[in-house]
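Two complexes, one shared chain (subunit A), two partners (subunit B, subunit C).
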Partner chain A sequence: MNASVYRTAVLIAGLLIGLTILPHFLKYHQQDFLIFLTINILVVVSYRLVTLTGEWSLIHAVMMGVGAYTSALLSKNFDISFWITLPLAGVAAGTMAALLSYPLFRMTQFYFLIGSFATGEAIRLCWIQFIKPFGGTGGISAIPSPELLDIDFLEPIPYFYLVLIIVTICVFLLYRIEKSRIGLTLHAVHWKGVLAESVGVNTWNYRALAFIVGSLFVGIAGALKVHYIGTVAPKQFDIGFMVFILIWVIVGGYRTFYGAMLGAVVLSVLDEFLREVNQLRPAIYGITLIFFILYLSGGLERLPQKIGSIFRMRKQGNT
Partner chain B sequence: MGFQLQQESRRKFLKQVAAGAATVSAAGIIPSRAFSANKTLTVGMNIPMTGDLAPWGLPGFYGCEIIANNINAWGGVTIGGETYDLSIATYDHAYETDKAVQGMKKLVLEDDAKMVMMLGGATVAAVLPWATRRKVLTTTLLPSDITPDSEYLIATCESHPLYNVTGVEYLAREFPDAKTAVIVTNNDVEYGLQSTATYQAAFEVAGIEVVDTNLHGFDVTDFAPIVSSVLAKNPDIFCMATSFYVTPIMEQLYHQGFTGKIISCTLDYYHEIIQKTSVDFVNGTIFQFPDFDDPALLESGISFPDPAGFDAAFRKDHPNDWSAVAWEYPVILLNWLENAKAAGSVESEAVIAHMTNNKQEFVFGGGDWWGSQLWGLDNVLIGRWPVVVVTDGKARIQEYGDLAGWLEKNKDVLTKHMKNLGLRTI
Partner chain C sequence: MDLFIQTIVNGIIQSGFYALASIGLVLVFGVMRVVNFAHGELVMVGAYTVWLVHAQHGAPYLFTVVLAIILVTGIGLVMERFLFRPMMNDPLGGLICSIGVLFILQVIATYVGGEGPSKQVPPPFEGTMVIMDSIRIPYQRLFSICVSAAALVTLWYFLTRSTLGWAVRAVSMDREAAALQGISTVRISMVAIGVGAAMAGLAGALMAPLTNINPHMGHNVIITAFIVTIVGGIGSLPGAVIAAVLYALFHTFVTTYFSGTIATISGLLIMVLVLIVRPTGIMGHRVSE
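This part shows the complex of A and B:
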């Protein structure tokens, strides 16, 4: 094992141990916050997979909703266990993405962005218009929480551990995909699309694959969320939430695997701290975002490099 | 005898709150609890204070602050032999379900809130499983949130949208020639559809034919074509039900020359509508939410301490923020305090037991528990509800409608229309 891999393994192990004991030091409502933040980690990491091909979609939040509604409807109407509806939520979102790939990937770049937004809104409007079975704007409530032995998953700490395990597995799988031959091809489709096509890579297939796999994982994230809250409604997956996903990824940075996660963690924690200032919160949050974009245009992932370069310049100045 | 004693105690309490208002007004100060030796009694508000629905959250907090300051100026509230200063703890969930869940737990477990007031809708559905299990008394402005299992969820002020039937009764009686109506409102389940079903039922009972119903989405930015299409049916009455878009719709009605009767659940910020249209146009519009400087609120049977003083205090500090919820959350707060005093406890189980086992006095008079007929539990407090008409550019109460009487006679018609729109009923 080389030193770099060893350092990474130690860092991840330390992080997981830290996360395991963290909820016991948090206040009750902060434990809930930690659950939602962990779920959002899966949301941004799965979104990153879609962006690897260079396509920025505005349908990712809705795909999360597809998973959430699937799991909610199956468990509430057919009394199917959470342990079955959870993977089915991913399958449903992935299948929906596969179907949508045909019209959506006839477009690229800005047209794809607009097309994905329009398609997402169409799905969301179906949830609103068809009160049966989707419940309209009010959505579906009284969704059962998971059942396993005598564990009370309505309480935040047991549910956090469940979420931590599932999200860790999903993030690991997404990491392996990115580092695999498929992941390298996705990068090639983005940065050298024409060259990739010239050597026989079917770029359409790879763009669609990234979209389907990303949707599959975000569908699981949707199911995880609604089985804790106990309710699912179209507003949870609206363009407002999609904008937050974009902001987390952009502010965190999308060149490294951890950039998007960093963005989600830093901005969500900031938002939580700003709760004390009530109505001033959106203004302060906005100013902070502008600051990040102006002075850290490469995202938070570039922060160590920036700090390093400042120190190097000072050192050179002194000598 | 017991009820009489309770009534006297209640009146005394409300007088104290009103006297507190006078003290605060006269001194021009907000009393500080820094010098008080009283314990603190915290009531929670898990409401939208930012975002699209902030107008139905924030004014309620301002209103509750006035009530709390008045009570504290009087020396606090005594419950079960203990005197407390009242504190209002808030959590801004911005109408997001996950934040609402966090907010509920913060208010109850960290701020020690004994009762939590909420707006209603999906945010209430999200907190219900935990709040019910923890037996946290929670209030909503939307009784349609109530389910057969939600025994700790109550609606003690707004019985949305049931009270809208009183406006239609008034309209039908005062304007017997108005025989056709159109309904234009948003297509959400919590507000628009519930309200549409209620207006449809009320129109049917009043012998008024609904010739068109336009349920639009939240993506509409131009109301001109919608208003044109329904006005093409030549209706005598234009009904907005519970619309989020009252101002732009009123503007369109004005520009398209509508001269019939206008009826709506709310007419929030009607002064702005007058500025954008005209006094003559807005005059005669019927809705359901009074200003609190209305002289009709001084008549007997109204159990709100010094409504005019409350209205003045609110508008002094927040001149542009008055909305329907400005007085509704305070009404809920006062009702809870009265019941806690009478129960001798601030704990949810004791307070709700006292509420449901004793005669309640609704803020505008009357007071009956209702709701099992539609939602499976009698946790909605209904009573007389004001019919308000804009007169000389000012909202003025014309009469108090008998909601309980209407429901007694016509609940089957209401249920039929709710089912037709796919709404949840038992």
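This part shows the complex of A and C:
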């Protein structure tokens, strides 16, 4: 056990050090890309917490928007510092999730999927409709960037370090939650719901809890994103982005913690290379998605296993 | 008062589209237990066919309507064979596959039509019928509602009077029991998606001269179809038609007196409310686990 913990620790430390020096070797737009990628990692990891209980929600992107709008409105209209609005963004998204959990968790499976989609879309349309605080289709622009000492957070490299630190903390917390007693109960709710209930687990509470905590963290991710871009608009959190989250998690593999991250990283990097064929991008995503769901339903994390089993089959064929 | 009556008329005409566009989703879900997220894109393909063949190349309108139906039915059958059938035991898998198809169809549409502003198709039936000096119905809309109604009546007749229609309803009620009676569920799935896609193609072709055509028009269609499906009761065809009429009237009224976005927001809220209070919808019935 000690050996494996040691190995994991070295791996993570190496990864973090690598990420710390990486931006200095990149071009300007690649640094931008790295910031978004880091934020997206938090998005998928928090989404995984929601899916742990077996419910696939389609409202996660909108929850990110709730955090983003909260932080943007507070810092722009009330001059509140980024360092206060950032946690508040998480609290706002978590509160919204807590309120929505009453209607949403009366449904399961297919109904939950459609219900969460409808609720999310209704919230998003409210941002478009009520121009007074939310700014309509154009959204809110000129969102102030964080202030700390004399660091210029408009530059990508300082902002990247900020994002890296916050995302690392959040991902670590999410990891601890999943490995804790609560996380194990969430697994139980998914795979053995009735059995879990029979030993006294309130499944409704745990499903709602996963939803609220997941939303809280994605709200923080939303705030991180818009304080860098400087604008927030309803289009950033539409069903298209939600589908991307879904694709990252499915292609990476939703059964393990690192699978989802792997999906986000691999597909985002792939996406960077597809910049040339901008129009074709969605179709390539679509084909990838179909391919994975049909032939590699465990996701990328299962790839080594799959290849291994093919080789074994070959060997057996020869003998 | 005139505006009131005019709004009712507009709502009834709109209901034809809503019913046609939703019925395919209901049928496919009822028979195959798959939510086809690409359903709105099937409607979009129907509309694009009319734009490309009729408006750009001058083929007769009615011919392109038939062409749209055939093309979209073909796409539906391909989806069934290569995506939904292998994913038979995994409803979520089917849904995710259909999201993939959604992207692919959107990209194809962008390639065919190019980027830029939405396309318009000049209405093949010109002129407007005026009743009582104040209520105006363009002939194009009159034509659409008549065709929609005819298609729905034909579908109803097919489902209740023909053996194949009985089989479709049997499979949507209880898949296993139907299979035990010797009904080929695979064949019935093909029939269901074929008919559903044909209706979507027809809806798109009828809508084409009356709306803005762009690769993302399916988004609004699928939201409408979801609302109609849920409010009507999942898998219930009469429920879907009734819900389509009600929702079309509701949406038209709110759009006329307030705004389109508010209409959609309240539609979505009604749908969530129905999901909470009466998940079986207005015409659905309880199914045991």
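By our rule, the second predicted complex is superposed on the first by the 289 of 319 C-alpha atoms of A that agree within 3 Å, B and C clash if a C-alpha of one lies under 4 Å from a C-alpha of the other, contacts with A are read in each partner's own complex, and residues count from 1 in each chain.
As a working rule, a contact is a pair of C-beta atoms (placed from the backbone, for glycine too) under 8 Å apart; a residue touches a chain by one contact, two chains touch by 3 or more.
Just so we're clear, the structure is a prediction, and the values are computed from it rather than from any experiment.
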item: Partner chain(s) touched by A:229 [first = subunit B, second = subunit C, both, neither]; value: first
item: First (subunit B), second (subunit C), both or neither touched by A:161; value: neither
item: Touching partner for A:275 - first (subunit B), second (subunit C), both, neither; value: first
item: First (subunit B), second (subunit C), both or neither touched by A:142; value: first
item: Subunit B versus subunit C as contact partner of A:131, first or second or both or neither; value: first
item: First, second, both or neither for A:29, with subunit B first and subunit C second; value: first
item: Which superposed partner A:175 touches (first subunit B, second subunit C, both, neither); value: neither
item: Partner chain(s) touched by A:258 [first = subunit B, second = subunit C, both, neither]; value: neither
item: Contacts on subunit A seen with subunit B and repeated with subunit C across the two complexes; value: 121, 125, 128-129, 279, 282
item: Footprint of subunit A on subunit C - complex, ascending; value: 35, 83, 86-87, 90-93, 95-97, 99-104, 106-108, 110-111, 115, 219, 223, 226-227, 230, 259, 261-262, 264-265, 268-269, 271-272, 275-276, 279
item: Residues on subunit A engaged by subunit B in the complex (per definition of touch); value: 27-29, 32-33, 36, 121, 125, 128-129, 131-132, 135-139, 141-142, 145, 154, 156, 225, 228-231, 233, 235-236, 275, 278-279, 281-282
item: Subunit A residues touching subunit C - in the complex, by the definition given at the top; value: 56, 103, 106-107, 109-111, 113-115, 117-119, 121-122, 125-126, 128-129, 239, 243, 246, 250, 279-280, 282-283, 285-290, 293-294, 297
item: Subunit B to subunit A touching residues, read off their complex; value: 49-50, 54, 58, 90-92, 95-98, 101-103, 105-106, 109-110, 121-122, 125-126, 128-130, 133, 147, 149, 187-190, 193, 217, 219, 421-423
